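For reference, chains read A, B, C and D in written order, and residue numbers begin at 1 within each chain.
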Amino acid sequence: MTIIVLNFKTYRESTGLEALRLAEICEDVSKEYSVQIWVAPQVADIYAISHAVKIPVFAQHVDGVGYGGYTGHITAASLKAAGASGTLINHSERRLKLADIDASIAAARLAGLKTIVCTNNVATTRGAAALEPDYVAVEPPELIGSGIPVSKANPDVIRGSVAAVKDIAPAVGVLCGAGITHGEDLRSALELGSAGVLLASGIIKAKDPRAALVDLVAGAKK
Amino acid sequence: MTIIVLNFKTYRESTGLEALRLAEICEDVSKEYSVQIWVAPQVADIYAISHAVKIPVFAQHVDGVGYGGYTGHITAASLKAAGASGTLINHSERRLKLADIDASIAAARLAGLKTIVCTNNVATTRGAAALEPDYVAVEPPELIGSGIPVSKANPDVIRGSVAAVKDIAPAVGVLCGAGITHGEDLRSALELGSAGVLLASGIIKAKDPRAALVDLVAGAKK
Amino acid sequence: MTIIVLNFKTYRESTGLEALRLAEICEDVSKEYSVQIWVAPQVADIYAISHAVKIPVFAQHVDGVGYGGYTGHITAASLKAAGASGTLINHSERRLKLADIDASIAAARLAGLKTIVCTNNVATTRGAAALEPDYVAVEPPELIGSGIPVSKANPDVIRGSVAAVKDIAPAVGVLCGAGITHGEDLRSALELGSAGVLLASGIIKAKDPRAALVDLVAGAKK
Amino acid sequence: MTIIVLNFKTYRESTGLEALRLAEICEDVSKEYSVQIWVAPQVADIYAISHAVKIPVFAQHVDGVGYGGYTGHITAASLKAAGASGTLINHSERRLKLADIDASIAAARLAGLKTIVCTNNVATTRGAAALEPDYVAVEPPELIGSGIPVSKANPDVIRGSVAAVKDIAPAVGVLCGAGITHGEDLRSALELGSAGVLLASGIIKAKDPRAALVDLVAGAKK
């Protein structure tokens, strides 16, 4: 079943009460069109959202530390307690050291959180897949927020990532992202072998986010 | 009025439901003994705690970024929306670049959050005070979690910090921390010129945190 | 006496043998026009340059660590042994944590290196000056490499930095940079109270770096 | 042919003139015993050492940036110009982001430098091997500088790394390190399948580094 992950980033339109409203829209569309939509709001918004909607709520980042003296870090245990189901790791706007990606995956798994490790090209997809998270999500950074879909601008990075993961760690799912906005972008991404997409501004900054989401999910249906 | 800031760090005893319980104890003691106790839980716990207690809730960290494409960052707007009153910045377990401390103070102020910038010695207290946060909190890292109170082990770092701030930015309040546990530690800290203390394990890891807090606040009374 | 610091960055035109040639040009112009020109090449180029020219050679960065297990770090002792006279610290392209700026200044001083701490605005100039390096160099990042001189685009950041340093740590010298290329830029910078300038692309990427340098130093003469 | 990489770190005994002397000892032993010894001094020491000895000189770190405005970074081009043959990447004392390891390998390759990517466990060995450097060197951080050889304390991390690399990227060589000092440590490491060792304090802090090296290389001979 196609996975759509909506990264709320730190946009004004997806912070605090606006984040809650957006998550509710995602839940509505998810039900109505029978697609999986996972929302990834800011950490401070997770508690309110996870207590208001039933779709999976992901964090945008988790640190690879456990209980202890780690002031200012985001622990998997605190995310789980707030109601999160999973977390992004190593997004291009929050890149991590290799050893910390490994530690973050381990910490998330221990707390029962699903993991999506973001990568920027086929080589780092190979590197991330070797760490065996639940998913990798390849996103060429130069296309993020560009409105130019990765599935059109660089289909090879998706094909290459799908092939690399199949080779190295076939149990890992492959998502892709960057510039994804419309149903046809999603459809191309699926045809190239990905299990779903990670997207943000195309929906969040749309005049009518609900309509934009509906347009998108149509791509999963054809 | 003496300020006591309890940094929850990421201890098991101060995460999720335990964090909520601890915040309630702080509120009780705060009322009963008429002292200010500010709690600083993990970001994911802020929403639930700030909706359950009336004492000020601080974040342990804020990033110096605003609305936009900053996946995985902690924004002041999200903290404010979740109910926070302020934030620690640059704790020794989460040190920041100089320019980012400046940006974090500005972002916090814009969102209406109070700022406590942590420092590790008199020189960095001078540097942090020059950025004019609401408070600086000097904590020699080698004493953090040691059980040896800074007020006894290194009174000069408190005296020096108080003098430096008076010289450079007299409107900034001075707190101190590291190894603070008992009422006498707090009393010494106040006698050395600080406006209050920042503490963590001495209370959180105590067998009876309420009793430990009561012992501590006694120091503000004499 | 006016100080001109030429930051070699990592340009092709200022790496390896090209760096050596450029340093020799700087030495020639320095002698001929009786101005101080300090060169700041990459660390790997310091040894060859400091053994070929007599003008001061600065590093572009130093880590705040001493002897020990610090693989991959740049120590003040190694810079000194290679012939360096000083070092930039906290350049906007290599920003440091507040505590690390403090440690880098201390490590450099211990090894007998002069320190120039770069800052991005008046607030961070205040913060850096409070740490008492030999110099602060304020450079608004948005003007770096722009060709628009800070002395014209933002004279207040220079005036404000000069005033702040005078207030907080009068023994610290003030330099400025960003967009500085011509003699008139240097002259304005001096008139605004700075003791000299930090510059890079305006000279290094010039068709004729020697002519560009001569044009610049003319500004120190009027 | 067995590879011995001596990481000079930033010890007093391996900085500046002492670094030069140590490199000369390594060259002597290398010739006398017909083993490969690669030295990895601090960047500021590379020029003098590479012009004095004929054994390969490695850097301890390289940044994944090219020519341009990257003040304070260590470029592959500058290392090559100073005489380096290769570089360590991602040492546990200088860990890098996943995307930066990928960029550092690419930058090093472009400049003609060999690459050794350090890792901390089998999972990160898998991740690093997937990026296809020339070598990975697995070093459990808790054993670094301990004097307890990884080959004795944790042979499985070597066996597991050798197997993982064979599976994912068989052209990549496998080294190991941490606690390696004596000939028998080296011999065990080779028997476990590694192509050589990375070591530091066991030789550098020895009363007689030459004798310590001779003792070590004996392990490659039996």
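Everything that follows uses one rule, which is that a residue touches a chain if its C-beta (ideal position, glycine included) is under 8 Å from a C-beta of that chain, and two chains touch if they have at least 3 such contacts.
For clarity, every value in this text was computed on a predicted model and none was experimentally measured.
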### Summary
Intersection of contact sets, chain A vs chain C, gives B, D
### Summary
Comparing which residue numbers chain A and chain B contribute to their contact, where sharing over half means same and under half means different, the two sides are same
### Summary
Looking at Cα centroids only, farthest away from chain C lies chain A
## Note on the structure
In whole angstrom, the CA-centroid distance of chain B from chain C equals 37
### Task
Mind checking the centre-to-centre distance between chain A and chain B? Centres are C-alpha means, answer in whole Å.
33
### Query
So, what's the distance in Å between the C-alpha centres of chain D and chain B?
43
#### Entry: Multi-chain contact residues (two or more partners), chain A
92
#### Entry: Interchain contacts (touch definition) - all pairs
A-B, A-D, B-C, C-D
### Message
Going by the contact rule set out above, which residues of chain C touch chain B in the complex?
### Response
90, 92, 95-102, 119-121, 123-124, 126-132, 164, 168
### Task
Please name which positions on chain D make contact with chain C in the complex.
7, 9-12, 15-17, 42-48, 59-61, 65-75, 77-82, 84, 88, 91-94, 144-145, 200-201
